[in-house]
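Each of the two complexes below includes chain A, the first together with chain B, the second together with chain C.
Right, the complex of A and B next:
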């Protein structure tokens, strides 16, 4: 049932809008001729409709959601409530900083905490998601080389395990991309890296722990290779949860990093966003930080702009990025405090290693059996597929029937039939045990009744969807039906 | 331990299963030299009660002001149901809908959103959102250049929000794309199609209403773009479209009627001001351009029993499939704000939105009369939607400071971006301003000048 199906001409909610007023001072050729095709429903109908839709979702609040690389941990309700205090919600973005000293204090303190967490010299909060932070970061790398007149650097290196946003970002910043292979241990193939770098190298983008769920042991050597070639290094902070407070990207030698506050700092993912992707920079990239940045003089705070940071790469958003998300991250950081942050990495890592150990005992094959898991790890179902025809996709769908959201599937692409599993620190041992039991059951089903698994899911609002039809017979709005 | 449920028993049992002696052991692959001494700038953790107290104090420090300012972010009434529903955990704490069967709620919300935003804009297709209005403009320019294939220059009038132009510049500058600035007519505050420079361009950007609140001659500008082989990119306030001609109908009647791409800031449809975010950027286009769109798109399909359902579609445009050849690097978008917008549009309906838009227009008319009576006259002749530029007797910064003393945020100072306009202030009165508010504003303004 679509909201449009509930619509009846003439139905409206009189208490939600002012009375009609005639508009007769605008030229006719600039006016709309017929009313837009929007639903005409009662308030109660709308509330029921969207409440029912919400019930068709899996979410952290309802399900274990071990989506690798996404850090689906509990989103504290206090963060939402306190970011939505009426004074914060009612403040206009262009109002003078004098009217926003409270909110600016929160942002300034968040900047300072993130500097500490990352070990970087400066932080700008303005990018609105991870990929947006990547754009800011690579644009700064480019601005740095340009400022030195070093125009020959045209290439960004990314490991083959990198997230798709890394190469896509490099291209948006005008670079070409070269992929570096991964070795058997899940680390970067350093010989290949050495062969790839040169005067054309603008930089390397790296996630550590990587998207393969292991800590890159040769990180110091990698830094040396890239830096000696004159390139800069970019840290994709999607996996910062694994090392929060324990290893600082700045200490690993990175020149620039982004964080995903909607992962590590537990701001809600909202069914697709909003996020926040602050960037941290080393000393040499400080002059290029995106604006605005919050500055402090004495007891008062103000926005630093192009006058203060004249070489800045510029603005990333119309205002200050996803400010409400930044407030939620600030509340989370204050609730955790120093010790709480240390525990994040400890328990995220404990949970991942426990789950990995239990799944191995249950007969699952992990991609890097000689390695510790970071906060996540990969199970490869290649053998199972060869044996039974059951794919990672089938197992993922069957997990939905067992009341668990699926792990990330088919990423990173270099591990066949992979499940990238990230339990996060907020899950209890009992939940992890139940998840192991569910996977054991599925393993058994795969061997005894493969068709059952191939047909999954059965208990969700819909069964497997026809993606081919979705792409071939595009139906993207309710007016397109029958096209 | 905040948000960590482990008991001592759990920890020892788990370590035993792993075969490790301590949690420390789990980090033994990390070179010792890299292990940090710990955090020094992060204070001790606080209880929820203490953090609540702190945040309430900060909020009270900021206080509440009467807004007579717009400039891309507008105070509107949002039905209480909107954010109560949005804050349901099933929406709030879900990820991007990668597992379609477990995300039908989110997916249907996006499909309904695509249906509603295209109804407002009169366009054929929409994506699931971009970060904000400014980045939506940047993405629209990149998309137009991809679609045009030949030209890499795009005409951008100075009547487009100055910060949007800066953001777009940051987004396109490393791809050899040139943004060519177009000046406006000083008397009318709009772009004169006859003054547009000849040449080959990938697109012309057309703001409606423009940054000054003025209504552009969108038909003539769209026709100019099409006659010159350029795409027409509309950048519109979605609320205004309850009254104004939708971009999909811009231009004279003909085969290529309508803007090719229409983008804008979704904030007026259910997003609180929140000091600037989170909002969302919307992007709509003609069907022919759908494969050039950035971002997620939801399609309706059927499941294996023939039951209707929703899924992400046309993913071959996106970074997780195409990597360096994707249409954009965007991944996480502004899904929750789109959720708010769908509910907002449903609760207001076509009549409600039209009443809000008309009321904003009428209130701004009243505001202009009231300030003119104290000597602050409109700078430009011609119709506005719900915002206008007025001329002050003193620099706007001084007047704004005086208004602030009376708890009024009095407008947007144009001195920095439009010095040629003198002591110009951009003011706005939405449906949330009463006759008393407007009278107070005029009185306070008179005293400040």
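Right, the complex of A and C next:
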């Protein structure tokens, strides 16, 4: 039910309505003649409506959410409370830096902490999402080659295991994309990489650990191949949680990285936002960082802009990026400290490897059995589908009935009928065990009552959705007029 | 596995049929549609477009993924099947009936270098594990 359906003429809240304000500085022809057609409901109806909607949510606050590659970890309330201080909320982004030394200090320290934990020479906080950060990163690669007059570099290399945003980013930055195959072990095929690089190579985009949930063993060799060809290397920070504080992308030799603060630094996400995708750069890309960046001179902070960084690729957002997200990430980082960040990676990988081992014992087939999991791993249900007709999607839907958010399904594309499972470090062993039990039950159901699994879910506010119809007839609007 | 013996194949899961007039018809294999799942969108190349062998020239999108379709051989597009663009599910129903586009080959002999049914079957099986 939509709130408009609850609307009854005249059922409005006079006590909460703003006082009528005489608008006399707009031309008469621009003033509307009648009130807008807004829902008219009592306060209680409004409260009940939105409370019910919130109860339909499947969220990290209510359920285990092992959505691979998305790092759905608990969002500490302290980060929220501090980022919501009225001094932050009430500050105008264009206000003078002299009156905002506190917020600038927070952002400066966040830049420094991110530099430290990633081993990069500089960090700009302004990109407002992971893909936005990717765009900034590849735009810097382009700016670097352009500044050297090296116009022959027209190609970005992307492993076939990559997130789809990588090739999309390269194309958005005017590059063509060449796909590099993955070997049986889940690593980049180094011989194929050697054959692909050359004077046309602008760079390589790599996720490490990869989307296959394994750490790229030949990272040094990969760096050498690309750098010797004159290309730069881009680290996609999608899986930074697995190595946070343990391995630094800067030490691996990357020239540019983006971080998903909404994942690794635990700010609320899901449903499309809001995110923050800061970029970190090596020395040679420092001149191209997106502006503004917070600078510090003595004890005072100020925004560095095009006067300070004249070769900058420019601005990624209207002001300083998603301040509310950056502040939450800052508080999270301060709460953890350096030692805490080490433990994030340790427990994220421990939880993933525990879950992987328990699921193997329960009869599930993992995609890369010879490899230790990073912070996530892949189960392939191909044999189950061949045997029972039950697909990865059926299992995912049935998990909802058991009180768990489904893992990522059908990604990465390299593994048929796959579930990509990422438990994160914030879940207890008891929760992981309950998840294993639920999957064991579903395995049993698939073999004894396949129709039950195919019909799932039964307990959710809406049942199985029509994916095909949704994709073909996407309609996100609700029209009050002409209903 | 449904792999008709009278067709030619590519490792990237296109099927190719040589027509009586020397043109070749291209679609995606039954195995490919099975991996992709329910189709929601098909984009074919325009007639008249010159294709290089291996060039990305069409897109199929399912509820799981969007996937490029590659030109099996070099040539010029002479026709595209608007029926599969209007009703992408035709590919799920009959992958070998729901052709996507036709090419006039630059060199008719190029087809000979493509995989035969046994070669494609071996290719699919090697990918399975």
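Quick notes on this one:
Heads up, the rule we're going with is that the second predicted complex is superposed on the first by the 444 of 483 C-alpha atoms of A that agree within 3 Å, B and C clash if a C-alpha of one lies under 4 Å from a C-alpha of the other, contacts with A are read in each partner's own complex, and residues count from 1 in each chain.
Going forward, a contact is a pair of C-beta atoms (placed from the backbone, for glycine too) under 8 Å apart; a residue touches a chain by one contact, two chains touch by 3 or more.
What you are looking at is a predicted structure, and each value in this text was computed from that prediction instead of being measured.
In the superposition on chain A, A:467 makes contact with both chain B and chain C. Partner contacting the larger number of chain A residues, of chain B and chain C: B.
In the superposed model, A:20 lies in contact with chain B only, and not with chain C.
In the superposition on chain A, A:43 makes contact with chain B only, while chain C stays out of contact range.
When both complexes are overlaid on chain A, the residue A:74 reaches chain B alone and has no touch with chain C.
When the shared chain is aligned, no partner comes close enough to touch A:452: not chain B, not chain C. With both structures placed on the common chain, the touch criterion links A:416 to chain C but leaves chain B unconnected. Taken together, the two structures place residues 164, 411, 467, 471 of chain A in contact with chain B in one case and with chain C in the other.
For chain A in complex with chain C, the touching residues are 164, 382, 409-411, 413, 416, 467-468, 471-472. Taken together, the chain C residues at the contact with chain A in this complex read 35, 37-38, 40-41, 61, 63-66, 89, 128.
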